Amino acid sequence: MLTAELPFLALLLAHLAVAIFVPPFLFGIIAKVKALVAGRKGPPLIQSYRNIAKLLKKQIVLSMTTTWAFLAGPIALVVTGLGISMVIPMGGTESPFGFSGDMIFVAYLLGMSRFMSVLASLDTGNSFEGLGAARDATWSALAEPALFLGMGAIAFFSGHTSLGPAFFAVGSTWGNASGPFILVLAGWSIVFLVENSRIPFDDPAGHLELAMVHEVMLLDHSGPLRAFAIYGASLKLLVTGTLLVRICLPIKSVWWLDWPAYFGGLALLALFIGLLESVLARMRLIRVPQLLVAAILACTFGFLLLFLEPK
Amino acid sequence: MYFLAPACFLFALVLVVVSGVIRQFRPSAILLISGCGIIFGCSVSAMLENTWFVNLPYFLPEGSFALQMDAIAAWFLLPMSLLPPILMVYGEGHWGKTNPLLAQRYRLLLGFATASLLIIPVAAHAIFFVLAWELVAIFGFLLIIAGDTSDKARHAGWIYLASSHASVMCLIAAFCLMATANGGGFFATLPVGWAHTGAGKACFLLFTIGFAIKSGISPFHFWLPEAHGIAPCQVAAFSSGLVVKIGLFGFFRLLMWVPDPPLWWAGCILLLGVLSALLGAINSVVQKDYTRFLAFSTVENMGVVAIALSIAFAGKSLNQPVLMALGIAGGLVHVLNHCIIKPLLFLTAGSILRITGSRNLELLGGLAKQQPRLAFSFFLGAVCICGLPPLFGFVGKWIILLGAFEGFTNSGWIWSAIAMSAVIFAGSLSVIAFARTFGIAFLGESRYFRPKKTSIPTLMKRPMLILVLFAVAISILPMILPPTLQPVLNLYDQTNTTMNPFPFFLNIVPIGQLWFLTCLLVFLGAFLWWRVKKTVIRHQPTWDCGYAKNSPRIQYTASSFAQILRDLFSVVLLHKKAPPNTKGVFPAPSQFSTESHDMMLHNGLNPAFRGSAGLLARLRIAQGGLLPIYLLYIVITLLALLAWTLA
Amino acid sequence: MSIALIILPLMATPVVWYMKPGMNRARVLPVVGIIHFLFVIASLTGVFQLNPDAWFRLDPLGGWVLFIVSAVFAIVSFYAPAYLALRPDRNFRIFCVSLLGFISMASLVATSRHPGVLWVGMEAMTLMTTPLIYYTYNRRSLEATWKYLMICSVGMALALLGTFFIAYAADLGGMSGPLYFDRIAEIANSFPGQWLKAGFVLLLVGYGTKMGLAPLHTWKPDTYSETPGIVGAVLGAGVTTCAFLALARMLAILNAAGEGEFARDILVVMGLFSMFWAFVFMVRQADLKRLLAYSGVEQAGILAIGLGIGGDAIKATLFLVGAYALVKVSLFLGAGNIHRAFNNRTVPEVSGVINFLPWTGWTFLIGFFASTCCPPFSPFMGMYQLASIAFASGRMWVGGLLLIFLAMIFLVSSKLVLTAVLGDERVFSKEVIYRDSIGTVGPIVVALAIALLVGIWMPQSLSNMLEQATQIVRTP
Amino acid sequence: MSINLLLAAVILMNFLLVATGRAVQLVRRVALQGMILGLILLLLHDEWHIHVLLMAGSTVAIKGAVIPWLLAQALSRTKEAKSPTPYVGYTLSLILLAGSTFLAFLLARKLPLQVGMLGTLFIPASLATLFTGFLLLITRRRALLQVVGYLVLENGVFLFSLLLVKNMPLLVETGVLLDLVVGIFIMGIVINHIQQAFDSQDTKRMSDLKE
């Protein structure tokens, strides 16, 4: 049982377990951190599990103008999230379904989830949802080149286009190319905050629809749909978080060391988000594209640095 | 046996032409379907190594009537022989009852245009190639203005015709230069090193301009939105789906002719590709007219294929067979994807136009309720053309991006990083554009039109159904792509025989694993869909935050959806806002409207032409009407010539 | 006995002159046209051996040009009765006589063996065609006639001086006996260079005026815009082709004498200049017939470039002459029909021809595509050959400029033609008498059909004749 | 020697032609120049066999008598006596003529005649007359005077053809003369039409065919 690598079945089960059970817990940590910083006791860590369970049992209230697109939105969120989690290497050295070129698959799955959520929000015919959809889609579209240039840098450094081996190469030779990867990390953290509509870009706890971005898109969802939407959002948080965590974690290619390190990284990330949200306020909308351009530039320079120095 | 394949190819061409001439619809449809079927058969057999070359020298006054069928020609002939019958049936459905004369003229022109279009991939002599090329341009023009004789339509058609003719002139010059290299008009691989000479450079530039104009790659894309935004949608489907592809086919042929292309060629094509991908994508997000939107999306897709071509050219010049193979494979799959899906989108747009009668996106809405099948086909087309995973559009973009990655990881071609980010950024912009168009047109409530139940004739529904079936079939079985691509790759890489047929696709482009994962996700989605459907659903009007008098026009509109991007890219987009004049204490009721034009045409070409026309007008006093002045010209010419010869 | 070709039409003139006025006077024209055309074909294909007599011999070069001109005349003559029937008030005696005179003089020019006789033929043709121009009795056509007469007479005077220069050069070069083209070709290299060059310059200016090369073309737009379509066809296709023949014969002398180099450069320069000049005047042109005039100037430029490039480009040029003649006939006759129907030539008034005159509209559109060298028509084949030989012989710039000008001219002239032919329907007066009829449209369709046929399929005998004709002109 | 004298006379005659403004005087001087040409033809060939005599006779008859008679007829029919002032003043046209005569001499140096004829003024005279013809055509506004200009131009060309009378066949000579006569005749008819249509021979009115 102490072999260095998990067998495939164990790896698959581990990934499924993490993908299904860990994400709501991250929301719990963030909420708890924000409450503690504000001096409140805050909701219990497992509060979002309870929310999702309750919502799954409720009925769905649909508006007359909606069509199948409204139902497909949240489902696409969940499906793409799970798809990405199958492809991204979490604890171990590689992912259960990794294949060469799965970086591209990840990017386009994100695109698919964005496409379906926009359709879902436009379907209700409510102008707020259109507003939210337009903003969310535009910003994450602007963020995508940054994400991809980062992936290009990793692929260039490792020589593999599959995420598993790429992150393994990055982790195992942890020390020697830290400069470029810090730039990529900076770029990716901005992308992470945009994709999950965290505080500098959107206020998840806000209640003024005109200011919302992500929350307003879930306005009309009820019952299981809302459960899927919340779970999908948290899954997306986990998945993009894994990208951030894996780029900084060294890999010892021993499973009982790597997986705890990975969980610790995730917890740390959630803590960091909580702190960020309780300290910063939401940024003005017109300055968001400038920050995104900064993210793209960071990743580009990371890539160039890697490319110019002899391997 | 040797002479059978070309003979039936020519027979099929004759069938296609005759099908246009016959008056009634039914026999002409049968003839066209059989003709295209034969050609489809020929190209499939050519895929299985049954390539042939035939030369009938005595036919043309100069040059010769030479045909050559090889794998690359077969690949382009596949979609080109499938679509015309579909478009003809759609045209019949559209005009059959209301305007039979127009339907009959449309069939005639479509027959001729298809015949000349099918000649180009197999033409093996320069004159014959150019002849077919120009014929397609002329018939394309007549098709564009077939629908409506207004000045606007004719102006758009004129821009198309003039730029196609300019591209023919570029091609003639290029073929003449090429003839100086390999003596005579036959297409043959050029001598090594010729590409680096002056004539080689000029030849490449002329070829690039000629092919770029025809395939709508910017900065020569200005005619495409004008022509396809005005033409009847089945004509736009024909020219966006097929005619634009022969420009790309030209690039593929150029790649085959030049044994050692210099690296700056790849850079040049990459620049064009990136420019048109980004310009196309940005412009398509802000368009209010959904046919112009589809036209700009064509420009964007042509840009993506041009990027794939640049990767292929880089592969050939750095003699990296894998890079070249990825470039070619990605380009070809994307071409096939665009050949099938863009006509589907245009036909759907045509049906919307028939129902609502307006091309303006702002006035539509809620069509999914009235036409669920139409909505589903547009949705399917949108997902496929943006390259989103479940459908086979993703395979094309995936191979291109793999090529881009391969470019800068193993081949050290830094510019392929720009190729990668351009493809990705254009892809994400087109995701927004299609989400916006589908969302505004089909979802929500109908903004202006009272939703009336007008049905689309079956003759229009069948073609769309067939195209949807094509897309779904290929998406379900993407594994059929590698075997069809393999002969083309072998054609391009005779030197490196090490690349045996299948491993290339298994280890570098693992379609099998991708397909398996996608199936898993689809089943998961189906399960969740079943789970949601199982729960009890109650229906109520949309929650309106307590606002009593809620009219559908309060919904988010197309231009407001694109407002962030429009302001961000205002430097590239030519956007004129007519702000409402709210001056005075009680401002009169006014309207806010925005108008978006194509930057290249509106700021670039039109002023240039007006300016030069004004300049030339000053020279017209030379014909001032006075006889002595004319006689003075004769004396001056005489003295000048005498001075030149005797002095 | 090739003099018979000249006398045949002349014999018909008294018949036409003394006929009582009426339609059968116009019907004589097609009869003469067909007989003359068959006679030419027979003599060319050797069925009817034309033994050369003192002054006239049908060599391949002259034969090809006469074949074109006689084909043009046959087409025009078939068009004439239907056209003249439209104006019953006019007695067209002078009209028919001039047309017959034109074809006989053209035969004289084509078969002449002596440059002087060639000049006499050309001058007589100018004088014969002058009454044709003054067909509509108004001030503008009078002005056009006066300009045509003066400019062409001055041009022909210069050509005469050039001919005398050549004759004097032959005299200095010790050539005795009559000055026949084939005899000149043999001993031309002994002629003094200066005289030949000066002679060629004068001849180029003289015949260039008739052919319509750039600075000398000024009579063309005025004349073509004021004359009826049928006269434009005769002038545009017939007279220009004869002027081309004269120029080709003179170039042959120069090439034989080894002085051809400078002549070819001048021709190329003047050719390119006329293409540019034609382009300048086609921008924002509103008058259909003036547009055709300037496209005539452009085509004369292309022919001059073809002669200038020399070598086997001359075969392409000869092919192009025939192609252009046929296409120009169809365009001019089409323009004539449009003018009769809309009683106007400028675009805002003329539009939507296709809805009102379907046959004329389509043939005019196809003719326009043919004249701007669009494939499958024969001008494209000729132009393509010309361009490829220009590039092959190292004249990249000439080939490049040729193609650029063609593209620009297409861009500019298509705007006018498309608006005229495909525009939306005009509502116009009731008393318009003209409708498409077999008589007025048949010849146009025949002309275009031949242009299309020769563009796609070239009979071997025709290609051999072109080859021999090229041998006459090119440097030995 | 006497040939040079006559050729010099032709060159001087050119100056006279350009100087006059009145149509009648101009026609008479052109007739005179035509006769001089006939005389030169006679002097050029010592033995006068039938060919030369016929040519000289026809030249003098046509250029000296027939054409001037035609022009006089056209003149008499027009009412207006004084012809409109030309585009270019008389003094300037004289200067221009001097310049073009000098140019003619310049060109003549480049074109050497036969050994026998080297000294003669044939080339300069014919080119000078050619340029005079052009000058008259370009500067005169009256249609009739333009025809006279064309005639002078024709004389210049004819003057050069005198050198070739020996080997130029009769057919060509007569053809040339015939064409000249018919040309002038047609011009006369057109001038009559212009007279009726514009009721004045001023060609400045005829310039509304323009781009």
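Labels A, B, C and D are assigned to the chains in the order they are written; within every chain, residues are numbered from 1.
Everything that follows uses one rule, which is that a contact is a pair of C-beta atoms (placed from the backbone, for glycine too) under 8 Å apart; a residue touches a chain by one contact, two chains touch by 3 or more.
Given the structure is predicted, the values throughout are model-derived calculations rather than measurements.
The chains that touch subunit A as well as subunit C are B.
The central chain of the assembly on a C-alpha centroid basis is B. The greater number of contacting C-beta pairs, out of the two interfaces B-C and A-B, is seen for A-B.
Chain centres here are C-alpha means, and the one lying farthest from subunit C is A.
Taking each chain's centre as the mean of its C-alpha atoms, subunit B lies 43 Å from subunit C. Centre-to-centre spacing of subunit A and subunit B amounts to 36 Å, using the average Cα coordinate of each chain. Between the CA-based centres of subunit A and subunit D the separation comes to 100 Å, rounded to the whole angstrom.
For the pair subunit B and subunit D, the distance between C-alpha centroids works out to 69 Å.
Shown for subunit A are the residues that touch two or more other chains, of which there are none. Contact of a single residue of subunit C with at least two other chains is seen at positions 146-147, 150, 154, 194, 198, 221-222, 281. Among the residues of subunit D, those touching two or more other chains are numbered 107, 110, 134, 137, 146, 203, 206-209, 211. Contacts between chains, counted with the stated touch criterion, involve the pairs A-B, B-C, B-D, C-D.
Contacts from subunit B toward subunit D in the complex involve residues 620-628, 631-632, 635, 639, 642, 646.
Touching subunit B in their complex are the following residues of subunit A: 59-67, 69, 71-72, 75-76, 78-80, 82-83, 86-87, 97, 99-101, 103-105, 107-109, 111-112, 114-115, 118-119, 122-131, 133-135, 137-138, 140-142, 144-145, 148-149, 152, 155-156, 159, 161, 209, 219-220, 223-225, 228, 289, 303, 307.
Subunit B contributes residues 365-366, 368-369, 372, 375, 379, 382-383, 386-390, 394, 397-398, 401-402, 405-406, 408-410, 414, 417, 420-421, 424-425, 427-429, 431-432, 434-436, 438-440, 442-445, 507-510, 513-514, 516-517, 520-521, 524-525, 528-529, 531-533, 535-545, 552, 554-556, 560-565, 568 to its touches with subunit A in the complex. The touching residues of subunit D, counted against subunit C in their complex, run 107, 110-112, 114, 126, 130, 133-134, 137, 143, 146, 150, 153-154, 156-157, 160-161, 163-164, 167-169, 171-172, 175-176, 178-179, 182-183, 186-187, 190, 193-194, 197-198, 203, 206-209, 211. In the complex of the two chains, the subunit C residues touching subunit B come out as 146-147, 150-151, 154-155, 158, 194, 197-198, 200-202, 204-205, 208-209, 215-216, 218-219, 221-222, 262, 266, 280-281, 283-284, 316, 319, 352, 369, 372, 374-376, 378, 380-381, 384-385, 387-388, 390-392, 396, 399-400, 403-404, 406-407, 410-411, 414-415, 418-419, 422-424, 454-458, 460, 463.
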